[in-house]
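Each structure below is given as structure tokens.
Okay, so chain A shows up in both of these, paired with chain B first and chain C after.
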Partner chain A sequence: MDASRDEKKLLRYTYLLCLVCFFNLAIIKQPFDKGAMVMSVVTCLLVGYSYFIIRKFFSDGDKYIFIFSSILSVIGMVMLYRINMAVSIKQIIWFAIGVTGFILIVVLLPDLKSFSKHKYFYLIVTIVFMGMATLIGTEINGSKNWIVIGNYNFQPSEFGKLFFVAYLASELKDYKNFKDLIRPALIVMLCLGFMVLQKDLGSALIFFGISITMLYIATSKFRYVAICIGLFAAGATISYKLFDHVKIRVLIWSNPWPYANGKSYQVVQSMFSIASGGLTGSGLGLGHPEYVPVNTTDFIFAALCEELGILIGFGIIILYFLLFYRCMRAAVYGEDEFSRLLVVGYSAMIAAQVLVIVGGVMNAIPLTGITLPLVSYGGSSMLITFFSLGIIQKISEEGR
Partner chain B sequence: MDLSKLSLIFKIVIIGIIYMIIFLALRIMYKDMKNGGKRPRNSNRKSFGLEIVSAGNNSNLRTGGVIPVRGEISIGRKNDNLLILDDPYASGYHARVYIKNNDCILEDLGSTNGTLLNGENVKGRQYLSAGDEIRIGSTSFKVIG
Partner chain C sequence: MNDISNNIKKVLMVFLIFFIGIISYITYFEIIVGPKIVNNAYNRRLWVKRNEVLRGTIYDRNGNPLTKSERIDQETQKREYTGGEIFAHVLGYVDIKYGITGLERKYDEQLMATNIQDNIKNLIKNKGKNEEKVGNSLKTTLDLDVQRKAYDLLGDNRGAVVALDPKTGEILAMVSKPSFNPNNLQEIWKSINENKERPLINRASAGLYPPGSTFKTVTAISALENMPSVKNRSFDDNGSLYISNDYSLHNFAGEVLGNLSFQQAYTHSSNVVFGTLGLELGNDKLKATAEKFFFNKEIPADGIPVEPSKFPVLKKYEKGSIAQSAIGQSADLASPLQMAEVTSTIANDGVMMKPHLVNEILTSKGQSIKSIEPESLGQIISADTAKTMKDFMRSVVNEGTGVNASIEGVEVCGKTGTADHQAEGKDAPPHSWFIGFAPYDNPQVAVAVIVEDGGQGGKAAAIIASEVMRVALKK
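This part shows the complex of A and B:
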């Protein structure tokens, strides 16, 4: 029973983190804020109950995947409560839905091997989701990748990602020679083209990261990866020449200061706020994250760094790395090629998202607006991340 | 106590907890590496076994013997199976019996002559419960749990 003792210890620290952070938030308000304590108790109960279900009925799976993702969600929830209370209440609902989806996938999904047959279904769904926003999308915050249905808007490319990975896994599992790679390569190019047309450069970067990782794992030939990077460079140069929005992004990345009040306002504010936080931050509730635009989604990492310090920022990156390690571990012990590639694809998806947005917020790479998985506010992003983690959890049961 | 001192304490506590979590996680990773990635099996899980009801024409099996199921047992005619059947009606890799989440599962690996569970042909995977009878060629087993 050694393993479950370690898990429980980690879980106890998660509760402690949740309680301390929300207690801090409650005490800085006059009068004492009871709502924060209610939030913390609800979060703890949700995490504890889900862990109980997973451990009780699916004891063979890798439970650390869930624990790490809940630690990250707790950090996100604390920061959202600090910035905007209404958003954090919505976020806790999304968290509950995401965890429910996670457990439902683990419970209901039969055997993943049989899913490798529906290659053409994945192909069609991927292209439909990718193309949807190009044709009937609406532009929000400079990207034409949103679909608005009534009061609710979502990004179809987020759901497209799930099917994209499934398609690549089912296509690449039968890899034998170069000819097998032509069709997936065309599909990847088509998807990247759609993303550039929708001005969604962050997603394009993620799709490229996913496909290059899966390609290398499936073929283990460095030559193909080199060819891909060459093609990507060519494509990037062409789209730099053709599209104005790509040019602007690169311009404000190479030198943000002359446009600090205009085009590069967001990234300059984000850098100011990270710098003002310093090593240990200003303390919860004492910083000024309200100066950073879109601080609940894309720039939540800047807000976190300002109030809790760059040490927490590093901590979050390490936690993502640990989550990635646990996911890749499931791939190593996976049973067949399809489930292995599926796990690699989904974990590469999460890792690529983290790298792209953290790099963007710090102006290390051109800024592209995507969410920090599990931490920042966003219904579809939360759902997608928990779905993919659920599939990874399911696969980790099979391996031995 | 004024607010800035209080939040200094909170700041340090929160950073401490986060790094404590990371430290614990790294130690778990280290343990995991040292075990060579073998999953620590729960000791209180249910155990299953296969009792040989009729040995058919296998010289290496004895009627009444019990084969314990721990992890996975592969059944077939080829020599790299765990349970080798010397039976012309068994395929090279005939079937496997394994444990997942406290359930015992029988999977037919696409055998030519099929696997019978309680007299019915098995397609893909089937959950086993105590008392079920598995028949492969001339050999039959009873599941005990």
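This part shows the complex of A and C:
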């Protein structure tokens, strides 16, 4: 009972955060913006109702996973509303769909063990998704990893990630000796190769992070991890020598200033944005995140730091770590090797994504455009994150 | 089971290190990198911040607006200079791309400061709308009519005109030619930077020219103060001053002036007499007098970029140069502002006033915030010497080289100068100089005029000076 009281307390703070932030957004506009208040109420209702369902029907699982992701989504929604109202309304729809998916997975999905059998299916789907954009992709924002169907753009590699983890989990669950690692290793390399060709270096880094984390959990051998890092370094050096777009990324990263109005425009604007915000930020609605390009997706962290300060930035990073921790904790309760690896893979995916994009907008590592899970605007990102979290939630239930 | 929780702990550890790493990097970025980059010119937030206030207006002394600011969008406001080229040098310009100069720079803070604040009371009073923030205004000492007249009179010549109120140091006009139009810097920037005539330089305060015979004023003062008997002395001018076997000094156009009093020597601008006096005084004494007038020093001048005028240090045996330096040649260099200060010191009974451009800072609604009082730079010469020089300068205009500067019904005082100089290694037409003030008994205006390559000082420059003074005196 105690646990549920803590959860409810945290949930109440989430509502408070949501109401206060949107109230702030409502009063900075002249005249008073009623839409912001509607947004806040809708968001609170969505969060509250979802929590109610999870709590009511599946009281055994780890509810913190849902609460942490709600807080992050609320922060994202507030910032999106501040930057572009229309985008935030779309985002709330995606949030609703994501949460619904999350609940449906928990409710409807049969025992996960049965999914470990479809190894070859995952393998094929992974390769199809990864390779798709290399062949028929369109270049948007400097990366050729988009598929355009009518008015709708999506990144197939985002969906590929889900199958990629499922494939690795089903392959590595039967690990006995070194020989069992050769095929997955080749598949990972193939995927990384596709990502480099699509100029999507961020995803390549994330796939690598996922792979070695899963490898270590499956084998418990540090030696393999070291070998992988060595291979990755070699691969990185070769692609640096081979591809101009990789060279440009590194060049911009090492000194962005000479190209401030050209190639490094985005990252320089992002750095200005964060530096202008300072410790406590300019205040919601008082900064100028509109000067940062792609501020609703890739650079939303810069916008957050500018207006809410790096203290909130730290808070967001800590929240991600807590979410990651709760997710990894679920792995301990996994009933079989497949579920555990699945949890580890999806958790690592979210954490790696956070590290890569936050490091990128600060120019701590070469910048690559990916979304900040749950906070950035993006349908596919939202769906995939909630889908993975749903699976983790499901596994956390099974174990109890 | 134990195995996996152990592994997971290790993985969590590694990720924790990464997360702490990124937090540490953000901290480092905020403390070390951030402060260095926020003021980078590419950071458009800086202009937004500036743009919160609509820049204040600059007025002339009679309340005519010389600038007009208008908001365009979040980052930019357009600053229009109503006088265009006429006031370009003295007002300066403010531009996102080309920076900020002149008076705009010196008074930037005041022009951007405002007493209009966002507060609840104003918000209610204005029915929920914030009042537009407008910066303070400047009431300058400039006189639109005088400035325009001086600009027109210079015509297509290169040159400069400075007009001061000798009693207060207020700058009534400051014109430099060629000029440029600060309203369309974008289009002309390249050409005005490449132009060999260098229109961006304010010749009135930063242009250095050999002062020619106008410098005899300083030499005469030095003689009056160091050799009290000089006033009653009589000189014999036979047209040339022998200095060495291969060098002697001649009068303008080879004139022979014959027997002269000191006053007549000044009135008719005798090179022979003043060369002789220069040799008698010696470099030390003459230099001391020049430096009292701020030669070799920067005249404090209210943010106007002043190039210090120069008077050389010469060895005793450099007789030719010593004699030349007494008649404003050799290595003597003076800005028009410098010479205007010399003549206004005489007009103001020996007290030099600090030249300044702004009389008052006002709020956007016209209430006074601060008025700037005239400031003295000290008693440079005695009132007696000043009185003598006034008489001398009056006779220059009445009967000497400066008759062209006379104004009907006003007693004008002045001194002409015809300054030899070389351009590209060859003798060029001399610069035409005139310094002076009017009226004799109650000086209201002091001027210095230079027309580059303008020939005799008694012609081009004297005519301009006369017209400028006439407008300033409203005659």
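Methods note: the second predicted complex is superposed on the first by the 399 of 400 C-alpha atoms of A that agree within 3 Å, B and C clash if a C-alpha of one lies under 4 Å from a C-alpha of the other, contacts with A are read in each partner's own complex, and residues count from 1 in each chain.
Just so it is clear, a contact is a pair of C-beta atoms (placed from the backbone, for glycine too) under 8 Å apart; a residue touches a chain by one contact, two chains touch by 3 or more.
Predicted, not measured: the structure shown is a model, and the values here were computed from it.
Participant: Please work out whether A:Ile27 is in contact with chain B alone, chain C alone, both, or neither, and reply first, second, both or neither.
Facilitator: First partner only, chain B.
Participant: Touching A:Asp6, do we find chain B (first), chain C (second), both, or neither?
Facilitator: first
Participant: For A:Tyr291 in the superposed arrangement: first (chain B), second (chain C), both or neither?
Facilitator: The answer is second: A:Tyr291 touches chain C but not chain B.
Participant: What is the contact status of A:Val332 with respect to chain B (first) and chain C (second): first, second, both, or neither?
Facilitator: A:Val332 sits against chain B and chain C alike.
Participant: Would you sort A:Phe324 into first (chain B), second (chain C), both or neither based on which partner it touches?
Facilitator: A:Phe324 sits against chain C, while chain B stays out of touch.
Participant: If we overlay the two complexes on their shared chain A, which of chain B and chain C does A:Ala260 touch? Say first, second, both or neither.
Facilitator: In the superposition, A:Ala260 contacts chain C only.
Participant: Return first, second, both or neither, reflecting whether A:Met362 touches chain B, chain C, both chains, or no partner chain.
Facilitator: second
Participant: Identify the residues of chain A that lie in both the chain B contact region and the chain C contact region.
Facilitator: Overlap of chain B and chain C footprints on chain A: residues 318, 325, 329, 332.
Participant: Which stretch or stretches of chain A touch chain C in the complex?
Facilitator: Interface residues on chain A, with respect to chain C: 30-31, 213, 216-217, 220, 260-261, 268, 271-272, 274-276, 278-279, 287-288, 291, 305, 310, 313-314, 317-318, 320-321, 324-325, 328-329, 331-332, 334, 340, 344, 348, 351, 355, 358-359, 362, 364.
Participant: State the interface residues of chain B toward chain A in the complex, per the touch definition above.
Facilitator: Interface residues on the chain B side: 3-4, 6-8, 10-15, 17-22, 24-29, 31-32, 37, 39-40, 42-45, 71-72, 100-102, 124-125.
Participant: Using the touch definition from the top, list the residues of chain A that touch chain B in their complex.
Facilitator: Against chain B, chain A makes touches at 1-4, 6, 9-10, 13-14, 16-17, 20-21, 24, 27-28, 57-61, 64, 68, 71, 75, 111, 280-281, 283-286, 308-309, 311-312, 315, 318-319, 322, 325, 329, 332-333, 397-398, 400.
Participant: Using the touch rule from the top, collect the residues of chain C that touch chain A in their complex.
Facilitator: 1, 3-5, 7-8, 10-12, 15-16, 18-19, 22-23, 25-27, 29-30, 33-35, 37-38, 40, 42-45, 48, 128-129
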